[in-house]
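There are two complexes below, and they share chain A, which is joined by chain B in the first and by chain C in the second.
And then the complex of A and B:
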């Protein structure tokens, strides 16, 4: 089976600044992977390149063997680090929108999650609290039967209780053959669900290892190793 | 997928569009019933008649320009927001191609602009179709028909059809300017505005140049056509040249927009 994501010499420049520099990386299926690194290390750039939101300066990125295109977008479920929906839309309209465009969207699963959150289908998105908006976004993304879930800072702006809910949602809704790539700064909160971590530093790969390997090889938690590697 | 994209594009601006156009039609009906129907073209003094017509015409021109601008702003903001602001994070990750996005915006934008032109045409018809206006016009009809080279109704229909056709060029030029603005990440809106003004300047310059070159500018005699022709000849000559220019520029702008969308979109 093909790797779900593969980068070869991937480079992205903004003016003279290298956001990603000659990155070579392969992600296999069936793992939850933490994409970690300090601000400006290239995490969001890599995620945007995988979703076709940026054009590489050099090198290439492949999803299931294809450069980002409508076919790869069918199998990638992406949660950006910002609100990406038209906030004037009602929740019911957003559900219909997802159902219209994504063949792998499960209306039943989405409704179940929204019911658990007690989110009114008639409410407009802009009327929801920040936490409920983020949970709604996540519910939509996780209601797709995707091969690759890319979650950019899914727990960044919510309280600890909501973080638990979000992590639980991720764990209970992804297909075991699928890969989940999570970018975050809050390593301690997600460490327990990760199979593998990727450290990015200055747009380059600093570490790509299984969480268990880190624990046995370094005798440290991922959070502790991160603090050591990226010490200011 | 294209049909679904068009459906959501139309739906996004529908309420405001309908409201604006319903208000315009209501204003036309109001103006016709309260002012135009009360104009007495036979017994009123020339000065009072001219004053009343000047006021009504100015007001209606203002409303028509405002309505047209409103429709244009609706499609402009939809294109920018949906593709290049935070909503772009969803739009560009839908399983559709950049070409489908572009065509959905062109088709929905054209539908709105063309519909707006139809409503403006209907509004003008409401204003000028009163019995008093028709009777007053009949007294000057022969001179107008001779000057135009055709009846005023044929002239109006031709102008209306040209306007409907010209909407496509407005839509493509607008999208072209916004897309060009995206090439300058630090100043997207400013550069889109600059692209709009520069493009308009070039179009105006080329139109004027061609009109003078082919002698279609009233009162100007060129090497190709002698002076003393009816006004309609100048108007239709200018319109024909503008149409060719419009078609060529629209094709060029479409190609450039397509290339930028395909190869240069960077959502920062």
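And then the complex of A and C:
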């Protein structure tokens, strides 16, 4: 089987500024991977390139061997870092919308998650609390049977209990051949569910290692290592 | 409830220790079937691959064994369990004495204090 995501010499320039610079990287199947780096290190740029929302300046990015296109979007389930749904839609309408859009959307799984959250199907999205809005978005994204889940800051705006719920949701819903790429600043919170972490710095790869390799080699958590490497 | 994990040591090691402890202390009985990797990973709130690694390592130590289709089981080998229990107890004692040395107590002082403490407990 092909790697689920492959970048070769991937570069994205804005004027003279390199958001990503000559990034070469391969993500294997069946892993949960943390995409880490300080603000402006290129995390979201990489994610947008993977989803075909940006076009590389140079080099290429392949999903399952294909450049981002409708066929790759079928197998990538993407959670952007901001709300992407019409806030005036009712939850029930959003469910129909998603199931229209994606063949691999499981209504049953979505219903189950929304039931657990006690989210009213008649409510309009904009009436939900910030936490419930984020959880609803995640529930939709995790209800797809995708090969690659790309989650941009899934736990940013929610309280610690909700974070546990979100991590549990991710662990419960991905299948073991799928890959989950999670970008976040809250490393300590998600460290134990990750196989591997990728550190980006100034648009380049600073580190790509297994969490337990880092702990064995440095005798410290990924969070502590991150604070050391990126000390301001 | 996610399992309590230290920040500075490999996660799979800590999972091994925790399961080993549960086996030795009788949470799991000899011959019991262990929950699936996925269920254990969910319970601990850790990555399933990491849990898989911890269980494979425990298999190598002989504490658990897997049966092709029906899952993983705790060993029936009571002698092995007794030996592991003993080893773990020795480790705890060693750590305790090390700490007492750090505080500046000799082995004799420490023993006296233990005897005192036991007397106090009995009263």
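Please note the rule applied: the second predicted complex is superposed on the first by the 232 of 232 C-alpha atoms of A that agree within 3 Å, B and C clash if a C-alpha of one lies under 4 Å from a C-alpha of the other, contacts with A are read in each partner's own complex, and residues count from 1 in each chain.
Methods note: a contact is a pair of C-beta atoms (placed from the backbone, for glycine too) under 8 Å apart; a residue touches a chain by one contact, two chains touch by 3 or more.
Only a predicted model underlies this, so the values are computations on that prediction, with no experimental measurement involved.
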item	value
Partner chain(s) touched by A:30 [first = chain B, second = chain C, both, neither]	second
Touching partner for A:80 - first (chain B), second (chain C), both, neither	first
First (chain B), second (chain C), both or neither touched by A:146	neither
Contacts of A:55 with chain B and chain C, given as first, second, both or neither	first
Set of chain A residues, in rising order, touched by both chain B and chain C	none
Chain A partner contacts - residues on chain C that touch it in the complex	2, 5, 7-12, 41-42, 44-50, 53
Residue numbers on chain A that touch chain B, as the complex places them	14, 48, 51-55, 69-71, 73-74, 76, 78, 80, 82-86, 97, 100-102
Of chain A, residues touching chain C in the complex	30-32, 164, 167-168, 171-172, 176, 188, 192-195, 211-212, 215-216, 219-221, 223-224
In the complex with chain A, residue positions of chain B that touch it	1, 4, 8, 12, 86-90, 92-97, 185, 263-268
